[in-house]
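Structures are listed in the sections that come next.
Below are two complexes that have chain A in common, paired first with chain B and then with chain C.
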Partner chain A sequence: MQNVLKALRANLILGGVAAFTVLLFGGWSGSMIGWLLGTAVGYLDTHEQSIPHPKVGLRIGAINGFALGLWVAAASLVEGLILRPLSGQAIVPLPQDLLHAVVGLAVTTVAAALMGAMQGLPRRRSKLAHQTTHGSLSRRQGTLLILAAILLFFPFADRMAQTGWIATVIQVLIFAMLALGLNIPVGYAGLLDLGYAAFFAIGAYTTGMLSSPHLGIEWNFWLVIWIAAAVAAVAGLILGSPTLPLRGDYLAIVTLGFGEIVPIVFRNLTEIRIVEPISSLFATLLNRPELAICLVGCEQPFNLTNGETGINPIGRPWLPFIGSFSSTNYLPWYYLVLLLVIFSMFMINRLRNSRLGRAWTAIREDELAASSMGINRVNVKLLAFAMGATFSGFAGAFYASYITAIFPSVFDFSVSVIILCMVILGGLGNMIGVLLGCVIIMSADRLYLPQFAQVLKGFLNTTVLPNIANPALRDFLAISVDPIQMRLFLFGLVLVVMMIVRPEGLVPNSRRRAELHSEDVVANESLADVRSVG
Partner chain B sequence: MKPWQKNVLYIVVIYFILLLGPIAGLDIPRIIQDIVQSPSLLFTQILVGLINGAIIAIIALGYTLVYGIIELINFAHGDLYMLGGFAALTVMGMFGMEDGAPLGTAILPMLVALLVSAGMCAGLNVVTERYAYRPLRNAPRLAPLISAIGVSFIFQNLGLFWGGLRSFIPIMGNTAAAPKSFPDLLPRTDIFQALGIETKIDFTVKDLTVLVVAVGLMVGLNLFVQRTPAGKAMRAVAQNREAAKIVGINVDQIIVLTFLIGGALAGAAGLLVGLYNNTIVFTMGFTAGLRAFTAAVLGGIGNITGAMLGGVLIGLLSALSDQYLSSRWTDAWVFGVLVLILVFRPSGLLGENLQEKV
Partner chain C sequence: MTLLQSEQLTMRFGGLVAVNAVDLALEPGMIASLIGPNGAGKTTFFNMLTGIYVPTSGRLTFQGQDITGLLPHRLTELGIVRTFQNIRLFSNMTVLENVLVGRHCRLKTNLVGTLLRPPAVRQEEAEARQAALSMLEYVGLGTDRANEFAKNLPYGDQRRLEIARALASNPRLLLLDEPTAGMNPNETADLTRFIYRIRDELDLTVLLIEHDMKVVMGISDRVSVMEYGAKIAEGTPDEVRANPQVIAAYLGKEDAPTVGTEATGAEAIGSPAEATGTAAGEQTASLNHRPNPQHISSDRGSDE
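Right after this comes the complex of A and B.
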């Protein structure tokens, strides 16, 4: 009992998140969030300790999971019995509520216990593994196994629980790809890029032009996605090259400039007519208009991007057995984008540990020193931009084909800023941190806020407004209390508070953490002294 | 690169600009024709550009002051200026001002609006500095930037919220997000006509007022920074914070002072733009902020004269581009010129070339 109380206190934040989720979504969402956060709790509460045996981990996980489950169950009951009637939603019978609460509690406990047990596995597979009782998995493999299971079964669980989160999760994963890509120039190479959405737009528009009836070219998605990535990479090289002599904030403003220019270009490339300038000069001088050589759009101006209306429809991927991906069935889309994210993570991880990746770190830490050590800073910087752009090219291609329509307004400055915020909020240069930042920002923005707005609106309409006599105040409440309208406010507040609480991000890069903790530095220095003496 | 290679490169670039420029409105024969046909239009556009540029310059000063002192791109500054516009509009509403109210009755509300919006913006800026930037002074370099972006979002949303207060401030109109019409108070009497000079250029009292106030603010700021002890302390802190501390300058106080001045300038700019364009909207802070920030960088960020020069240049460029190139491409041209200038002068027009610290 005491353990549970302690666990309740320890998991205050995650418990609050879980309870908030249940309060908003109700129904079986308790089991869903319990499953996800339970696993997180099982990991967080055990991974820093050395757990001698899976059973120990199982017990720690189960206690903490139970504590989290209590939050879920309590919130489930409050939602079903109090919040639903007050916000004017359909009332659920009491047994159903109890069932939601109990199942949520059970699922959370089991998920946490399982994850905890995995942390009790040996750190690496011992040579005597076949003789020991607890299998041949290592701790890392066990953890990955559970994560893989969650990712694979998520769509089915989502369908069973009728939460309908999958559409948002696909969006989260698209942005995860973008954030991972932006992490290369900003996090690894230290080049602040405020116009990253430009590459996203370039990837999406390449896909749009090459696989839509608009220009009469309808190529296969599986080919176009590579072309989009390549075009984005080349754009990264081109847009990166003027930034080479610049440093710091001047670099930031030039990337911002490109981020503004690219959507404007896509918006306005609707009436293209190109006339060769020298011949047209002669034509004007000799006053013989037929001399001017017209290159593009002679009869009527050429419409490349279709302006504000955008390109629509864009072809969808096709696979044997599945056929063409449809907009009603999220499953293939989910697995495709998941695959892309995992592929990106793998590639970026390899890049980071390569010679190039180490060169990025070197120019981030000290450009002058790096270049005097023989690193070609022109190539290294350009490659950072190009590599970052490549992944946004993938994301853009997927996005265009998933939405099947693209508009220039989707790629404005706020997208660049939101991606940058994900990267910095999570922890610059740390892949897990970046993903975490992405999940937090995107789910708050696309999942929680709309639902919160709906619940609040229902609450106002059924409970508060009828009881207010003053018409001015009522009018004010009815139009001003709208969380969707307060979206920017909440987002901004979260950014400010997060930065003040954790300026180095949620999961700081281990290298930067080392820089912030002076004792480690001192220890390293004394080590260096010993080495030089020896 | 050998000189002849460089020349070939320039010729190729110019050829491509001539080839592709017309798509974005850079059709030189047509532009020359337009200018020859009505030169007065050119002067009118230059005038419009100067006035808009002066307003941009005032906002740019806020960016550059803050950047000079704590090396922070204060993203919230543009939105602060928007809030200044809303405060001014609210004051106008309280005085019951309407379009074309006689100048005699409008002077007092305008002065009050100037005081209120400048005061409110200065206060908000100081509060922001205290709670959103000061705790991050020793944090990683990007943390204050993100914090500033957060504050910018908060301000923008406050503007939206303010615009939705129709129940309390009727002048805000019906829809929160819609542009608000700002009462047209400054008379549109043509000065040249009133003086009996026959020209085709429109130069009204309104233009003159805005221009005079803007230039007055800039000159005042310059005098303050160059001539007063507090200005001297500001320059000292900008140059070297540690050394300034050693000689007994209260650095925190100077930073607060900087934010105070920058905020007041933003508030004044908010009133000016309301009076000049007669419309304000909650998103205008973002666009104007972007332009102003660009202006500050163009002139060399941290450099006060540079910010003024950059602001005027950007105002001129966008006015001329609106008229002679294509208004749809104006932003692209502005940023294109910015990129071009930064490629040739990596620290802006007037920015000193920073020595790399080893």
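Right after this comes the complex of A and C.
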């Protein structure tokens, strides 16, 4: 019992998140979030200790999972018995509600216990492994196995629990790819890129142009996605080349300009008419316009991007047995984007732990010293931009095909900033951190906030507003209490708090942490020096 | 054959002539020093040798090849590598990674190799790691701190690591910019021995900028002296010490000695007790004998 109390306190934040989720979504969402966060708890509470045996890990995991499950169960009951009637949602019968709570508790405990048990496995497969019953897996393999199971079964669980999260999860994964890509120039090579959405746009528009009836080219998605990535990479090189002599703030401004230019170009490439320049010059000089030789868009100006209306429809991937991916069935999309994210992570990890990755870090640390040590800074920087752009090209291709329509307004500055925020919030230079930052920002933005707005509105309409006599106040409340409108405010608030409390991000890169930490020390020292002199 | 030759090498920054028509020739295997008062243009000269500055005029040849104006990384590939006056390690990379970065230009893995990681690439990486570890062993840092951040090493070890990083690129010519700055006499003696060792064992040529006259006079086969951007003297340590122009540069002219240069000059040459406050003529005499001959010869002796 005491253990459970301790665990309750230890998992306050995750418990709060779980409870909040259940309060908002209700129903079987407790089991879903319990499954996900229970696994997280099982990992977090055990992985730093050395657990001698899976059974020990199982017990620790189960205790902590049970504590988390209590949050879930309590929230489930509160949601079903109090919040639902108050916010005007359909009432759930008590036995059903109890069932939600109990199943949530059970699922959370089991998930945490399983993950905890995996942390009790030996770190490496020992030579005696075949003699012991629990020795066939290493700790790392066990952990990955559970994660793989979660990712694999998520859509089915989502369908069973009727939570309907999968559409958001696909969005999260698209942005995960973007954030991972941006992490290359910003996190690894230290090149601040404020125009990253441009590459996303280039990937998406390449896909749009090559697989839509708009231009009459309808190539296969599986080919187009590679072309999109390659085109984005080339765009990365093009953006990279003028920024080479620039650093820090100046570089950021140039990338910002690039990020502004690209969507505007796509918006305006609607009436292209290209005239051969020399003959055009003669035509002007001789005042005989018919002399100019027209190259493109002669009879009628050529419409490349269809402006604000965008390109629509865009072709979808096709696979044997599955057929063409449809907009009603999320499953193939989910697995495709999951595959792309895993592929990106795998490749980026290889890049990071290589000669090239070291060169990126060296350039970030000290460009002059790096080039004196034999690093070709031109190549290395260009490659950082190009590689970052490549992954956003994949993301763009997937996005275009998934939404089947693209508009220039989707790729404006705020997208670049949000991706950058994911990278910084999670922890610059750390892939897990970046993913976490992405999941938090995207799910808060696309999942929690709309649901919160809906529940709040229901609550206001059913409980609060009818009891307010003053009509002016009633109207004011009905209009102004809208979290969706406060979206950017809330977002900004989170960033400010985050940067004060934990500037290195949620899961910092060890380098970055060392850097920020030592800067504190240095700052204090120099202050002390100044004081002692003064 | 001359390893490195500079002919009329000049660097102007606007109206300021930082390095003025300097000729310098380094024979393979020699340890040469470049000395001169602060602001004489020594580091600028180094920066031209390593491609950080492009000379305004003049010519640089390395092993018979014209290298004037090549980029730093090309020069490193050719075998010219340097350390910095104020240590410029990659402080948030580990000790091992620092050395691996030094090895960068000797590794061949390209982008495709990085992504596909065929066995050849794995092997190259493993070998590089091994070579970096043995380099750490070689410079006396040991391998047990290989995974610490470079900035957490003590000062003397950081200097060593910087040399290890430079040596990892298999250079032919090593340029050391004030390698003993901020070191105590013991560390300085260690480092002096170490420079001899790498010269002999790794078949290197060493050019160093140094202010510690004990080190300069003890270690150098040849000393070049710069003042106001120009080379004013060159020769063996004994010749340089006897050169009236050098004495004037360090101690001020006989007729108009200024207090500031006198003090720094005397300290730099290494016999402050005799030099300060005495007449210029006596200072000349004090410069003509080695400040601490036993100390230096014992340094050499222990290594040979």
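In this section, the second predicted complex is superposed on the first by the 512 of 534 C-alpha atoms of A that agree within 3 Å, B and C clash if a C-alpha of one lies under 4 Å from a C-alpha of the other, contacts with A are read in each partner's own complex, and residues count from 1 in each chain.
As a convention for this text, a residue touches a chain if its C-beta (ideal position, glycine included) is under 8 Å from a C-beta of that chain, and two chains touch if they have at least 3 such contacts.
On a predicted model such as this, the values are computed, not experimentally measured, just so you know.
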So, after the overlay on chain A, do chain B and chain C clash or fit? They fit
| request: Have a look at where A:L383 lands relative to chain B and chain C in the superposition and call it first, second, both or neither. | output: second
On the A-aligned overlay, A:H53 touches which partner chain: chain B = first, chain C = second, or both, or neither? neither
Chain A contact check, chain B vs chain C, more residues touched by chain B
Check your understanding: Which of the two partners, first being chain B and second being chain C, lies in contact with A:R316: first, second, both, or neither?
Key -> neither
Contacts for A:L356 in the overlay, against chain B (first) and chain C (second): which applies, first, second, both or neither? second
Worksheet item: Which of the two partners, first being chain B and second being chain C, lies in contact with A:K457: first, second, both, or neither?
Response: neither
Notebook entry, point to check: What is the contact status of A:R446 with respect to chain B (first) and chain C (second): first, second, both, or neither?
Noted result: neither
Given the touch rule stated above, what does A:L368 touch, chain B (first), chain C (second), both, or neither? both
Minimum Cα separation between chain B and chain C after superposition, in Å, equals 7
Footprint intersection on chain A (chain B / chain C) at 368, 512
As the complex stands, chain A meets chain C at residues 347, 350-351, 354-359, 361-362, 365-366, 368-377, 383, 511-512, 514-515, 518
Touching chain A in the complex, chain B uses residues 15, 18-20, 22-24, 29, 67, 71, 73, 131-132, 135-136, 139-140, 142-144, 146-147, 149-158, 160-161, 164-168, 176, 286, 290, 293-294, 297, 301, 326, 328-329, 331-332, 335-336, 338-339, 342-343, 346-348, 354, 356, 358
Per the touch rule, the chain A residues reaching chain B in their complex are 186, 192, 242, 245-247, 249-250, 252-254, 256-258, 260-261, 264-265, 267-269, 272-277, 284, 368, 413, 417, 420-421, 424-425, 428, 472-473, 475-476, 479-480, 485-489, 491-496, 499-500, 503-504, 512
Listed in rising order, the residues of chain C that touch chain A in the complex are 50-52, 71-73, 76-77, 81-82, 84, 88-93, 97, 100-102, 104-107, 109, 111, 114-115, 117, 125, 128, 149, 151, 165-166, 169
